[in-house]
Amino acid sequence: MKASRWLVVAAVLASLLGVTGCGGDDEEAGSASESAQQAEKFPADTTMGKIQKKGEIPIGVKYDVPPFGFKNPQSGDIEGFDVDIGNAVAEQLGVKPKFIEAISDNRIPFLENGTADLILSTMTINAERDQEIDFSEPYYVARGRILVGPDSDIAGVKDLGGNSVCTALGSTYEETLSKQAPKAERKLVDSYSECLELIQNGAVDAVSTDDVILTGMIIQDDSLKLVGDELTTEPYGAGIKNGDKEFKEFVDGVIGDMKSDGRWQKAYDKWVGQYTKEQQKPPTMTLQEALEIGG
Amino acid sequence: MDDYLDLLTGNLPELASGMWVTVRLVAISFGIAMGAGTLVAALRVAPSAWLQRLGGLYVEVFRNLPLLVLLFITFAGLRRAGVPVSPWVAGTASLGVYTSAYVAEVLRSGVFSVSRGQIEASLSLGFTYGATLRRIVLPQAFRTVISPLGSLIIAMIKNSAIIGVSLLALPDLLKSARVIQSRTFETNEAFFWAAVGYLLLTATVTALIRVLESRYAIRR
Amino acid sequence: MSYLFDPANWEWLVTGNNFRFILEGFLVNLEIAVIAMAFALAFGLLLALARLTRVRPVAVAAGAWVDVFRNLPLIFLILYLALGLPAPWRNAYEDVVPSFFPEALQSGRVLAALLGLVLYNSAVLAEIMRAGILSLDRGQGEAASALGMTYGQSLRFVILPQGLRRMVPATVSQLITLNKDTTLVSIIAIQEVMRHGRIVTGFNFFGGVQAPVLQVFLFIGALFVLTNFLLSQLSRRLEVRERRLTAGRVTPTVAGVEDQVAAEPVR
């Protein structure tokens, strides 16, 4: 499905290239074929073309959510599963990725005001966000869970009762928790690193968010544990500026390629599978299905 | 204009409770600041050089330490070390101790504003140093310092805003506005009303101080 | 208590890149403070002059502006600007910022932080400067006009040089406060020392040494206390010099505001 769409896009672009290439001098023709080997050159009025002109693509990622997006204090590099996807997109464009920090609260504004061209920051696809931005096809399906400390006897969301649970401002869990655990006291903070701090020092009884983020916390402190059934299914999508169909198709193409040529599996095993000890295959959920979840 | 009023009416309980949290935070912290500040001021004017230096160290540390760092140390740091401080305790203790260094300095200058002659007279009448401090110097010093203390209260109102949006996540006025904004995306409206709230608080304190000053302050 | 001094809890300081990582963050704070101070001084001077002008509407407007921005929490301003600053402004900032600046300062969000700091501190400095100018002997201004200087000339050659010089110790004192306030920008996700500290406490992820929160932030606190202490020593020395130069007739500091509480008692 995605492969044929990609072919159509490639055909259209190739014909455009042919038109612009006509009448150009030898040098231009030469460089066009050269960069076509490294990366497809896009017309200047598409987002891809603009990015190529800039020479870099600003991508919003998390800086404090291992294993998806985090800053390695030893090397100073930004690393993670989301980062690997961002690198693939940038590579396909032949430009350098410029990773900037996008916390849950400002990632949509970043797309709207152009601070970032792409958001890969563990962002769940939902209908409400889809009104303000466009999503790529799901590149990962996380599940909402509850994380508790070693001495806790909370076994799931129903046990939350009047306990305190931490989640990030602007995340989907603000609402999910008020629906599924209405009596729980919600502690809303700026970033999940604060939630981790709060549960480690016992100031909150639980943290609720995508299991991947929770896994990142377990990696840092293995006394914490995941409990209960999944609260929600959270398909992650890359965030793209509203209405930019061409760029969405491009990104979908890159993601599709990664799923089929093994790069996805490699990234998963490296960043997630090795810690959760769980197996997963590339998600087959479509964007439409993802939007229908949650009603 | 409509948007602004709608946001206010739609969220009044949350904003009002946020403002109340701010008021309580500042009130409790002020109590701590006055208590600790008085103690430290006493240290600073004590006859022993060692005590003076101790007081001086306290003042230097807490005037040069950022409040946010202090919040982290008292809340996250202490909890990890095994002391179960709650966000309220950590918040009020931090803000209180932080401000107490300034209170101590204000009180110290207030004490010095009482002329030496009074202290000497009191001592020669047989009052102990402690009694002199308590009955002669401090009452007069307090009256001199009404205005600077008022400024410190205003500074505390402003500093209290840090507590809500920090790790401690207490639902004060600024935090409430932020949560409302995160829900409704109406940034200007939510923050406008928070600003109104803060300005109301500072204006009230300013007015109160002026009233107190006109009644009690010593004019020099 | 033993937790505090246990050397195992301090081992992180000498392991790997941690020490340098935190210092790099601290450098970002200092840079933000210096840049904000420069702009705040410039804008503050404008505001002070606006308040002192004989054109009443301007003086009243400036007065209202200063009163509003002095009474709003700084974190409020920073947060509001971070959430509400329009994209063109942010892009303009990113274009203007020189490339030799550290990566943390390249982001458009830093503009929100700087604007917030400048708006707040310029209002505070405007009051300091106004007090300094007003504290000048009336005779100075009168002598200047007797000599035939216009208002503008008397400002430039007589009043401002003297008035502003008096404010130097108070200004250095305000720089200390500004230095502390730069930690607030961590709340809008700028990579400075607080954020670096939090990353270091999560160091365990990389199989390294556990860096406990208490020790890390005590260390960060010590960095600030040391730097600000040195600045305050500078301020005190300047104050003493000012006293000597004005033969003790002038009290250089504005008493009553948190940041300007007189270090030496008023006699």
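Here the chain labels run A, B and C in written order, and each chain numbers its own residues starting at 1.
To be clear about the criterion, contacts are C-beta pairs under 8 Å (C-beta built on N, C-alpha and C of every residue); 3 or more make two chains touch, one makes a residue touch a chain.
It should be emphasised that the depicted structure is a prediction, and the values quoted were computed from it without experimental measurement.
J.: Just the chain pair, please, that has the highest number of C-beta contacts.
T.: B-C
J.: With chain centres defined as mean CA positions, report which chain is farthest from subunit C.
T.: A
J.: Closest chain to the protein CA centroid?
T.: C
J.: Cα centroid separation between subunit B and subunit C, in whole Å?
T.: Computed value for the inter-centroid distance: 20 Å.
J.: Just give me the whole-number Å value for how far the CA centre of subunit A lies from that of subunit C.
T.: 37
J.: How many angstrom lie between the CA centroids of subunit A and subunit B, rounded to a whole number?
T.: Spacing between the chain centres: roughly 43 Å.
J.: Two-or-more-chain contact residues of subunit C, please, as numbers and ranges.
T.: Expected reply: 83, 187, 213.
J.: By residue number and range, which residues of subunit B touch two or more other chains?
T.: In subunit B, residues 76, 80, 165, 178 touch at least two other chains, as defined above.
J.: Can you list every residue of subunit A that touches 2 or more other chains, as numbers and ranges?
T.: Where subunit A meets two or more other chains at a single residue, that happens at 105, 190, 197, 201.
J.: Within their complex, state which residues of subunit C touch subunit A.
T.: 16-18, 21, 82-83, 86-87, 90-91, 107-109, 187, 189, 191, 195-196, 198-206, 208, 213
J.: Provide the residue numbers of subunit A that touch subunit C in the complex, in ascending order.
T.: 63-64, 66, 70-74, 76, 100-101, 103, 105-106, 109, 112-115, 190-191, 193, 196-197, 201, 216, 219-221
J.: Considering only the defined contacts, which subunit B positions touch subunit C in the complex?
T.: For subunit B paired with subunit C, touching residues are 60-61, 63-70, 72-73, 76-78, 80-82, 99, 102, 105-106, 108-109, 111-113, 147-148, 150-152, 154-155, 157-162, 165-166, 174, 178, 181, 187-188, 191, 194-195, 198-199, 202-203.
J.: If we count contacts the way the header does, which residues on subunit C are in touch with subunit B in the complex?
T.: 3-4, 68, 71-76, 79-80, 83-84, 176, 179-181, 183-184, 186-187, 194, 197, 212-215, 217-218, 220-221, 224-225, 227-229, 232, 255-258, 261-263, 265-267
J.: So in the complex, which bits of subunit A are touching subunit B?
T.: Going through subunit A, the ones touching subunit B are 105, 169-170, 174, 187-190, 194, 197-198, 200-203.
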